[in-house]
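In what follows, subunit A forms one complex with subunit B and a second complex with subunit C.
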Partner chain A sequence: MSVTEYFRPASVNEAIELLARHGPDLLVMAGGTIAMPLVNEGISAPERVMSLRAAGLDGLRREPGRIRIGAACPLQGLLELDDVPLLQAAARHTGSWAIRNMGTVGGNLFAPPPAGDVTVALLALDAVLVVAGAGSRREIRLDSFHTGFMTTALGPDELLVEIRIAPPTGATAFHKLGRRQASTPAVVTVAARAIVDGGRVSEARIALGAVGPHPFRARAAEAALTGSRLDTASITRTATAAVDASDPATDGIASEWYRRRMTRLLVERALTDIADRPAGGAA
Partner chain B sequence: MRVAGHRTLAAPRDEVFEAIHDPTMLLACIPGCEAVERVSPTGYRAQFALRLPSIAGSYELSVRVVDAIPPASCRLDGRVVGRPGAVTGQATLELTDVDGGSLLDYTVDARIDGPLAWLDSTLVERLARGILEQGLARLDHDLARRAMAGDAEARP
Partner chain C sequence: MTSNIVSFALGDRQVEVMVRPMTTLQIALREHLGQTGTKDGCRQGGCGSCTVLLDGEPVLSCLLPIEEVAGRRVDVVETITPPQGLHPLQQAFLDQFATQCGYCTPGMIMLGVGLLAHNPHPSRDEVVEALGGNLCRCTGYEPIVRVLEAAGAAEGIAVGATQPVGEEAAR
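Take a look at the complex of A and B:
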């Protein structure tokens, strides 16, 4: 079993047409950093492959009030976003240089846990996804995109084309723990954002990765933080809510027990970072 | 591989039993299910297209009801075959009455063959659990909708 046809559509419309024609047997590949290891090991044995490399989805565009990230924009591209330090930090902590040059922002949304660090940051930024199908185009909020482990709300004939964020308001922090400093799957990944108004948190986002079937927002933790003064007691309460919201698995990287312990620690660290510099945005 | 869990379904036990004992209804709940056919009095076959990242492909699932004690339990033998490999196993489904519906306990014991078995076993287990849970959520939804339609038309 080997690849018999390789498509390299030159536009989104052409890509959607190919997807409609070949259905679920068509392997859609952006950077290939998830797909190729599986193909090389024989786990994924597609007959037909479609590369999104030339489909014009690699752009990173700024418009007033929003940033539009093409689904096939390399992870490395995020390092240009000086005004979104949260995404810069997430990109810097994802894979290695080689992976960041090949791997894409859109692809990261499909990476099974414990991968998917950039997705965690995008969740904390209220990202909205644009997906296109044959003759249709719709928006999905990232926090309702994942439906389970490795499954998403993307229809069988749909393609993710763009990720949209607004320039972030408030202070942000990103923390990832791996088994080594770089190029590592996560024990846990935490992205936090808080708007502090008159000494109190008026809006909070706490997103977690590698401690559930997919990256998710810990809403109970966000609620625990909202209205608080970001003091030690509220940070502890928020971290407890985040641990309660997590459902980690034991794998080759870490045990479930260790992941819970580190979730608490990293949420506390992220919020302490924000409390120390509520006016700034550096991650 | 063993996947076990439970889910409360908002329908009486005999209705749930009828649904899980009739694999045409059960299989139709699998995300991406395209066709279900009955191949023998107790055997069923289904095609489903699961759009997984990096592992494209269609899968064929065959199920045989091996044991049924209405409305308490049901045992199914099944096999899923796709390009990345095959999963062969047995599922035990048990139903108990609870407030507001019935509790479904499920246990699946399965063997993974082919390239799929080279993957981290946690990954396949979580995938199987995810598909099961999504399927059961859909079953719950279908049962509730059927009950509402039944009420509306005042059928016995």
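Take a look at the complex of A and C:
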């Protein structure tokens, strides 16, 4: 079986109509960096494919108090966000230059682990997703978007159109460990954000990637940190809670055992970074 | 079997291919246009040997459906090679032994042309970072990194892909 129709809708409305007409058999693709390897390998053999590259979803817009990222915005575009170093760092450590020119921010949300590093950063930034259906739009918080391994809260007739973040408050840190320095799947990815108020953490986000069925917030770790001073004891406690929240797989990149060990280490490093510069936001 | 006609600029030349839907640019180049400089490595986006420039930006032709290049400009190692002699970056690769088996070379050169067009004087770190997605199993990368560093240090070698090359430049 080979592809018989390749659609390039020129608008979101046109894309949603195609989705309604062809249903779940339609392979929806943005940058192709996830779908095309599967098609090339023969693992995926779609008959109908819809590309979102021409649907007007590639914008990156700044508005007062928020940044609107089109679902098909290339990952390379995030490197411009000097005021969101967490997202910048996550993008810089995702794929290669050519992959970032093709792969999209929206697509990263659908990347199976151990991929999805940008999603980890977006979780720590409390990203909100805008989803369009036939004649309607709704918002989904990113932390309730993933429902399992490669399953999401997106309805069969819905399309992810935008990712919204606010300029981050507090200090942030991003750490990713791979088998090599660049263009590598993660052993584990950690994005952390903490607001330190009067010496104590008033709000914390600890997001993990590659150590579960999808990128997720380690809420128990966040709770372990909130209200505490950022010191060795609270950092150790938080890292333990993060390891407990993880459910890593053994694959060609790393073993479950190693992923747990490195989750502890990277959470500790991220929080130590933040403790060393609580006022700054650099990742 | 459904086939579509897609036209795009291959360097300075307008070309048309009649291919099945979602044929990759890599296959179109190699099997329909005879441009075999672009290599067929992993087809997974993991090796960089099929790197080409799409409107001056490095992309992986093995992951790019041909429909996405309609009306756009594609540059490959053949289109940057002048009718006589070599592109300065090709010459530099040759002079400084930055190629061994040669399989990664076209991808390395296209990445390099793209890098120098964006950043005419890249630092060593910037070269290394830009090359992160291009594998070479022979050279250990050092000669390739040195060539690109030297190309950035030397004036006049950074020929951008969007400048006239080939026949146009030779006139």
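Following the convention adopted for this analysis, the second predicted complex is superposed on the first by the 283 of 283 C-alpha atoms of A that agree within 3 Å, B and C clash if a C-alpha of one lies under 4 Å from a C-alpha of the other, contacts with A are read in each partner's own complex, and residues count from 1 in each chain.
Heads up, the rule we're going with is that a contact is a pair of C-beta atoms (placed from the backbone, for glycine too) under 8 Å apart; a residue touches a chain by one contact, two chains touch by 3 or more.
What you see is a predicted model; the values in this text were computed from it and never measured.
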Could you look at A:Asp25 and tell me whether it touches subunit B, subunit C, both or neither (first, second, both, neither)? first
In the overlaid three-chain picture, which partner chain does A:Gly42 touch, first (subunit B) or second (subunit C), both, or neither? first
Check the residue A:Asn101 against both partner chains and state whether it touches subunit B (first), subunit C (second), both, or neither. second
With both complexes overlaid on chain A, does A:Ser51 touch subunit B (first), subunit C (second), both or neither? second
Can you tell me whether subunit B or subunit C touches more residues on subunit A? B
Looking at the overlay, does A:Thr250 come into contact with subunit B only (first), subunit C only (second), both, or neither? first
So, A:Ser183: does it touch subunit B (first), subunit C (second), both, or neither? second
Subunit A residues contacted in one complex by subunit B, in the other by subunit C: 39, 41
Listed in rising order, subunit C residues that touch subunit A in their complex are 1-2, 4, 20-22, 24, 43-46, 48, 51, 54, 57-60, 62-65, 67-68, 111, 114, 129-130, 132-134
What part of subunit A is in contact with subunit C in the complex they form? 2-6, 8, 31-33, 36-37, 39-41, 49, 51, 53, 95-99, 101-102, 181-183
List the residues on subunit B that touch subunit A in their complex, please. 31-32, 49-58, 83-85, 115-116, 118-120, 122-123, 126-127, 129-131, 133-134
Going by the contact rule at the top, pick out the subunit A residues touching subunit B in the complex. 1, 23-29, 34-35, 38-39, 41-46, 107, 110-112, 147-151, 154, 156, 213, 249-252
